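Some structures to go through are shown next.
You will see two complexes here that share chain A, one where it goes with chain B and one where it goes with chain C.
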Partner chain A sequence: MNLFTPLSWNDTGFILTGILNTVYISVVAIIVGSLLGLLVGFIRAESNKSVNMFLGAFLDILRSVPLIIQLILFTTFIGAMGYPLDPFVAGSIILSLYTMAFMSEVFRSGFDSVPENMVKAARSLGMTYMQTVRYVRVPIGMRAVFPSWLGVALSVIKDSALVSVIGYMELLRTAEQLISRTQQPLMILIGVGLFYFMISYPLSRYGKYVERKMEI
Partner chain B sequence: MNNYEFHWNVVFDAFPQLLAGAFTTLHVSVLSMLVGIVIAVLLALGKMSNSKVFYHIANVWVEIARNTPALFLIYMAYFGLGAYGIHLSPYFAVFSALVFINAGYLAETFRGGFQSIPTTQYSAAKSLGMNNIKVYRYVILPQMFRRIYHPMTNQFVWSILMSSLGILVGMDELSGETQRLQSTSFRTLEFFMVAAVMYFVMTKLVLFISSLIAKRVFKGEIS
Partner chain C sequence: MIEIKGVHKSFGDLEVLKGIDLTVKRGEVVSIIGASGSGKSTLLYCINAIESINGGNILVDGVDVHDKNTDKNKLRENLGMVFQQWNSFPHLTVLENAALAPQVVKGFSKEKAEAIAKKELIHVGLGDKLDEYPTKMSGGQQQRLAIARALAMDPPYMLFDEVTSALDPELVGEVLDTLRLLRDDGMTMICVTHEIAFAKEVSDKVAFFHKGLIEEIGTPQEVLDNPQKERTQQFLSKVL
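And now, the complex of A and B:
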């Protein structure tokens, strides 16, 4: 008896769910991570040394512990505390925090790149502090770091593959299940790789193009 | 069950095994970095060469390494090559995926470092009567090395962090070892907390040693 059934067109729906889930969690993590990163980056650019050291240490932990360990640790922790969460929610929380750690550094350098004289000039034109933030520092600083932002966002899409360890059905996990059913690893994996490549490659090219344009 | 009781004794008893796992992590990272550097130099040369064939090979390698998840490449080495009858051990699968990624990323770093040195310096050194070897030895390479030093350190830290994906193919590095140990004792939280601390210490140690070396070698001429 043949235990394995070959790949068929009926599997497209299954793969599509995986693709959608990957896109879904990546978009959530990029949006939430960017917003939090913007806030933290602003705080870091504004605050004194002691606050910065404290925040920096926290972000450092997020950056120097592998994402996979963070995911396992977090799900086990909330499970042990008696509040188990849906893999999607738990995955988004950790992936967003992880994204935040990198985004905050990107945005911080963006805030630092705005010349101080420009902010002073805006103040002398009668803008309030909040107005200088809203109309000068954020738009100008963020434009400068757009290529780095894009780079981090792309790495989040790739890192979202790791959320499969806590049971979220993203693309790589659906692929894995299809492989164990069909025993055709090569074709499925190449398809999965192509999907990631097709998202990541054009965007990284675009990022490089913008970067080059900004240099001139 | 809100009152989780921590049992640390199991973890302390297993500490030697965790250390052995950490050693394997460092081992695979260092080796993949060394092999990766060699290939990266070739790829960087390929990307700058006039030969179309070399350029395209290097380009495809670099773009695949940079635009696909590390986990995908590890699966490719572990399951994908298995379809061709090439069955790699978990260690070797992770190792080859890391080499592939390191080479791809470092090739771009090397190329960027090389191209950041103005060609006028080459002409100037030539006009001082240096031959080609001397120009590279005394003018181009020292400056280039200064610029690629930090990115290389970062890539090494990334290799350490990426090797944690070995857990998914049953490799015996730190996270895989942790997984194995927690599955027999069910102290998941404790074991992974210790593993997280160990990863943190490892990466900080690498950065610290790298900054010490930078201080000695570059004598403050590096940002």
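And now, the complex of A and C:
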């Protein structure tokens, strides 16, 4: 039996699953991470020094410890506790928290960028605190930081490749399996790299375009 | 009627208002003049409860503004306010800017809120700008938008805080014209202003603030043409 077979059409389906799984976990992490980041960013913008120091320390840990270590640490920990999780679930949790740590800073600066006078104007129209948040501070603040948000989202897509280390069958891991079978690392890895590039590059160009447009 | 009785206000150790008494009846236009830092703007902020007070009380139609049981959001619906900075909401069109508060605060349908907003915008001369974004407009147009936005809540009282101070000189006229329009509509207004000639023209009463107190108050003729107090005379000689 020949263990090393060349790439076949069947492999396309296999790679496609990897692509979809990469997109899937990235989208989950970006959505969950953004929502949590919005909440945490708002709390940070509104809180006093002591709350901010506590939250800041927690976020600093998430941001400073390499993602790959967080992933391995978390799966090892829950495994040792006797609650092994599906790699997708474990990966989503860690990737989302990691995303949240960066998004919260993005959103916080968004909230800080809304002039206090604009908030006063909204309140003077009879709007409640929550109405002001919902109709004025969130839409104005979030618009201002859209390019930064996009930057974080893009790095999350790229960082999602690291979830392969805990066994999630995303693009890089399917590629690795294909390489071990076909022994054609160069072509496959170039293909994988190209895929990330094709997603990231247009979006980052778009972000730059929006940024330029907002400066005018 | 707005009744201000013995109002004191401090920021830390700095006492900005040192016992202000002022009554504004329905339909009256009262202008407040005085040097920067004399507490004029702070008084407006205290009237619509954006700032708290340290003593005295303020009644709007008999409701104690600073009573802790007073619904301040409800109260502010009756007190339209326009600031030195126009603070247009940049993410909304001109029409949406003016329709937002009637929609979310009063709970009007989008159609009804926009109909009201449109009427006020036409009134201030922005009928041809409804679908534009305010960031594309001049300061004078944005300030008129701010006035229409406040008017859309149909408040019986309007508070103006140096609304022409941040404008380029050539844009001051259109905003003052809008205020004249409101005066002619019979709107009750308190205008903190540096435009002495305007105050003289539109006001029923002029109050001169000095260091947290009303130094002199009366008709424009009394205060501006024949000031009795030395400080008023000094101030007017500098600005006129």
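Definition applied: the second predicted complex is superposed on the first by the 213 of 216 C-alpha atoms of A that agree within 3 Å, B and C clash if a C-alpha of one lies under 4 Å from a C-alpha of the other, contacts with A are read in each partner's own complex, and residues count from 1 in each chain.
Rule of thumb we're sticking to: a contact is a pair of C-beta atoms (placed from the backbone, for glycine too) under 8 Å apart; a residue touches a chain by one contact, two chains touch by 3 or more.
Computed from a predicted model, the values in this text were never measured in an experiment.
Asker: Have a look at chain B and chain C on chain A after the superposition and call it: clash or fit.
Answerer: Superposition check on chain A shows chain B and chain C fit without a clash.
Asker: For A:Ala121, decide between first (touching chain B), second (touching chain C), both and neither.
Answerer: A:Ala121: touches chain C, not chain B.
Asker: Specify the partner with more touching residues on chain A, choosing between chain B and chain C.
Answerer: B
Asker: Who does A:Pro66 touch here: chain B (first), chain C (second), both, or neither?
Answerer: first
Asker: For A:Thr76, select first, second, both or neither according to whether it touches chain B, chain C, the two together, or no partner.
Answerer: So A:Thr76 only meets chain B here.
Asker: Counting only touches as set out at the top, which of chain B and chain C does A:Ala57 meet: first, second, both, neither?
Answerer: After superposition on chain A, A:Ala57 lies in contact with neither partner.
Asker: After lining up the shared chain so the two structures overlap, which partner does A:Val136 touch, if you call chain B first and chain C second: first, second, both or neither?
Answerer: Once the two structures are laid over each other on A, A:Val136 reaches chain C alone.
Asker: With both complexes overlaid on chain A, does A:Tyr201 touch chain B (first), chain C (second), both or neither?
Answerer: Touch status of A:Tyr201: first partner only.
Asker: Nearest approach of chain B to chain C by C-alpha atoms in the superposition, in Å, rounded to an integer.
Answerer: 25
Asker: If I apply the document's touch criterion, which positions on chain A are contacted by chain B in one structure and by chain C in the other?
Answerer: In chain A, no position sits in both the chain B and chain C interfaces.
Asker: Which residues of chain B touch chain A once you look at their complex with the stated criterion?
Answerer: So the residues of chain B touching chain A come out as 1-2, 4, 63-64, 66-72, 75-76, 79-80, 82-84, 157, 161-162, 164-165, 167-168, 175, 188-189, 192-193, 195-196, 199-200, 203-204.
Asker: Please give the residue numbers of chain C that touch chain A in the complex, ascending.
Answerer: Contacts found on chain C: 48, 50, 73-74, 76-77, 79-81, 83, 85, 87, 89-91, 100-101, 104-105, 146, 149-150, 153.
Asker: Which chain A residues qualify as touching chain C in the complex?
Answerer: That would be residues 115, 117-118, 120-128, 131, 135-136, 139-140, 143 of chain A.
Asker: Please name which positions on chain A make contact with chain B in the complex.
Answerer: Those in contact with chain B are residues 61, 64-70, 72-73, 76-77, 80-82, 154, 158-159, 161-162, 164-165, 172, 176, 179, 184-186, 189-190, 192-193, 196-197, 200-201, 204.
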